[in-house]
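First the structure, in the form of structure tokens, and then the observations on it.
In this document, chain identifiers A, B, C and D correspond to the written order of the chains, with residue numbering beginning at 1 in each.
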Amino acid sequence: MLQQLREQVLEANLELVRRGLVLYTFGNASGIAREEGLVVIKPSGVPYDELTPEHMVVTALDGAVVAGKLNPSSALPTHLILYKSFPEIGGVAHTHSEYATAWAQARMSIPCFGTTHADYFHGPVPVTSELSNREITEDYEKNTGHIIVRSLQGTSPAALPGILVANHGPFAWGKDAAAAAHNAVILEAIARMAYFTIGIDPSAQPISNALQDKHYLRKHGKDAYYGQAKDKS
Amino acid sequence: MLQQLREQVLEANLELVRRGLVLYTFGNASGIAREEGLVVIKPSGVPYDELTPEHMVVTALDGAVVAGKLNPSSALPTHLILYKSFPEIGGVAHTHSEYATAWAQARMSIPCFGTTHADYFHGPVPVTSELSNREITEDYEKNTGHIIVRSLQGTSPAALPGILVANHGPFAWGKDAAAAAHNAVILEAIARMAYFTIGIDPSAQPISNALQDKHYLRKHGKDAYYGQAKDKS
Amino acid sequence: MLQQLREQVLEANLELVRRGLVLYTFGNASGIAREEGLVVIKPSGVPYDELTPEHMVVTALDGAVVAGKLNPSSALPTHLILYKSFPEIGGVAHTHSEYATAWAQARMSIPCFGTTHADYFHGPVPVTSELSNREITEDYEKNTGHIIVRSLQGTSPAALPGILVANHGPFAWGKDAAAAAHNAVILEAIARMAYFTIGIDPSAQPISNALQDKHYLRKHGKDAYYGQAKDKS
Amino acid sequence: MLQQLREQVLEANLELVRRGLVLYTFGNASGIAREEGLVVIKPSGVPYDELTPEHMVVTALDGAVVAGKLNPSSALPTHLILYKSFPEIGGVAHTHSEYATAWAQARMSIPCFGTTHADYFHGPVPVTSELSNREITEDYEKNTGHIIVRSLQGTSPAALPGILVANHGPFAWGKDAAAAAHNAVILEAIARMAYFTIGIDPSAQPISNALQDKHYLRKHGKDAYYGQAKDKS
């Protein structure tokens, strides 16, 4: 079971590389075994092309390393807060993908400018508020998790499978590590197209709620009709 | 005959991948056998690198699946409207290619800024008007087809081999599936260069009608002199 | 001799592909055998990956095809005007490379914003004026050559190894076909960096004449000291 | 020892190619053997794919060629000034990478817009002032080194591992040639994201000093906790 999760998490991390979302050792993806309460995450600062399933670090939900000889990604505390706050998610991915990071650096949410966005995010991609100086100097990585959770209050992490951490970059999540990485890739594409959109018309407006609902609901929920039956979820 | 069409349609879909126009399972291309009244289209939500000719879905012009075990692309109803409205076309391609989609998201037609554009499109690349809420909630994909057809009224689909569906993305077409995919690639290149052009000069003006006519007509129509004789059409 | 030139011209055309300057059958490069008065150029509308040296078309300076079974590139008359007007050049390359084309579509010359530019172009990359309607409808390709020559009057084609044809795209040249393709690649890089520069500061100013002279002259002319001795020219 | 340094310097130069920072023969990286007082640098104007360790040029700190049959990179005098002024550095890399060069051409420092930047640069990426006409016409490459050193006065080259030379492009450095190339790659990524950031919000503001300190110090200095133990430095 854990061996399979290590392989899935490694594969999700490699997907970030293949899709051009990470540079050198940037970025990290993890997955959780809910019943065992164990999280598997990429080690910190190891080149992607050297990674094997055995390099993946296994930790408890309090961050204690249970298996693996390497230090876990420094983003682990953020991942753990997300797993504890969102029982429905099974994977988390964090990158500094360049267009999503630029929106995070501009501290702006990404408006829903089109149906590609609406297929995945039911509303704008939110940006967190900024951490206070105290939140930065003490327990920075945990506080990054907390500010994500606060920013999502009142919404479902399934309807908003990613967020921009102000001044930092995107986090994405999903039912497993593969879905988290997939959503990180989509978020970058959405960020890129939104960047081009405001480059064409700086006063571009979001699409209507009717169109947002149509696209989101034809891919998600009980009346979904996109894809093959087994893929509907 | 149908086997050959399946292979052509698969190949057109793969061309969209090779040219960087699609991400994951986005996008779809189809072709029609006019005499048989059968359309072959990519299945919905299947990864491109798993596709074989046998995965292609064969449907009648009313959308009924005639052969194939998978669900057709959710864009099928739009393709069918185009085939029924434009007897001269033999293939349709739809993508969310990023620059063309950005123009669609900005709800702006692409002015004819240069000869690359004029070589393929005889006039601006049009953008449709927006669908009403009712057109979105009922028969959305069919209505997407209808609004494309309405937007092209008074022009020839040969002279305008593609369009931007407002808030959504580009559709392109041609004499067969390969030509449709080709025109989708060209449309993205035109969209990209137009984006850069207004980045250099936000008040850039379209080229003269004389130059538009010259380039369009040297590649199309009876006096065309571009390419080898067998390619002139 | 002619066989070698065919191979050089093919190789120059393929360099345009490798460097991402051309799409489908766009673009063309040629070379001249001055003593024989023969020009070798890519055929029109043939996919690059099918091209062999035997496909190259050999013409006289009046455009008559001397050898080769295919139609020459439709840009041949422009190339011929350049060869006849500039005795010092041995190769010409024409592309629709996207950033250079965007400057051409904006009808703006590219200011010398930095030393990369100054290493190759001694002054701004010029843009031609626009062709009149008559120049477009009659002998269009020849007139494209004439307007390039007029725009360069008073300067040396060695000091300005390329130009933007307004509303169309770049032409570049050099001592042979390889140098022409090389300069087309450099021109695109210069165009890209200039685009980014005005994106950062729309009122960016060109570098000083002193710095322009320094960089141009350390690579060109009798006191050049860049590269290995055999490369100095 | 020298053979190993030649290999390291070649490898650093090739890293610039792999990461898309250089075009043709642009760019150069070097390394120093401090005890021997010898610098190893790429030769001038030789294509990267022909380079072997034996092509690397070995020079003394006064620029005299000690070993190697080729001319050293024309940027050698700049590298030498940096080695003599900054005893803690072991490698230097210079490129015309396109986004960093655009900031240099706009003569603007790159504000610290986010944590990716703060992970590597403790403050904005500085831009030098412009060279005077005399500094350009006499000892240009040496003066380029001097103006870099002047611009860094009062800071540590470890805390600012790169700079933009106004009108020219970036220089980066590090503990060895590999680190210098790595920092050149990072600098280009930072430049790209900063470009996108001001494209989204032209009045974007830098991040707080608290966040800058947090990210810089968690990767550098005695309390660093990023990466595996052996990598902390």
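Definition applied: a residue touches a chain if its C-beta (ideal position, glycine included) is under 8 Å from a C-beta of that chain, and two chains touch if they have at least 3 such contacts.
Remember, it's a predicted structure, so these values are computed and weren't measured experimentally.
Using CA-based centroids throughout, the chain positioned farthest away from chain C is A. In summary, the pair chain A and chain D forms a contact in which the copies contribute largely different residue numbers, shared numbers making up under half of all those used.
For the pair chain A and chain D, the distance between C-alpha centroids works out to 33 Å.
Distance between chain centres (mean CA atoms), chain B to chain D: 46 Å. For chain C, residues that reach two or more other chains under the stated contact definition are 199.
Contact between chains, using the touch rule, shows up for A-B, A-D, B-C, C-D. Residue ranges of chain B in contact with chain A, taken from their complex: 23-26, 43-46, 70-71, 74, 96, 98-99, 101-108, 130-131, 133, 136-137, 140, 167-169, 195, 198-199.
Partner chain C is touched in their complex by these residues of chain B: 113-116, 182, 185-186, 189, 192-194, 196-197, 199-201, 204, 207-208, 210-211, 214, 218, 225-229, 231.
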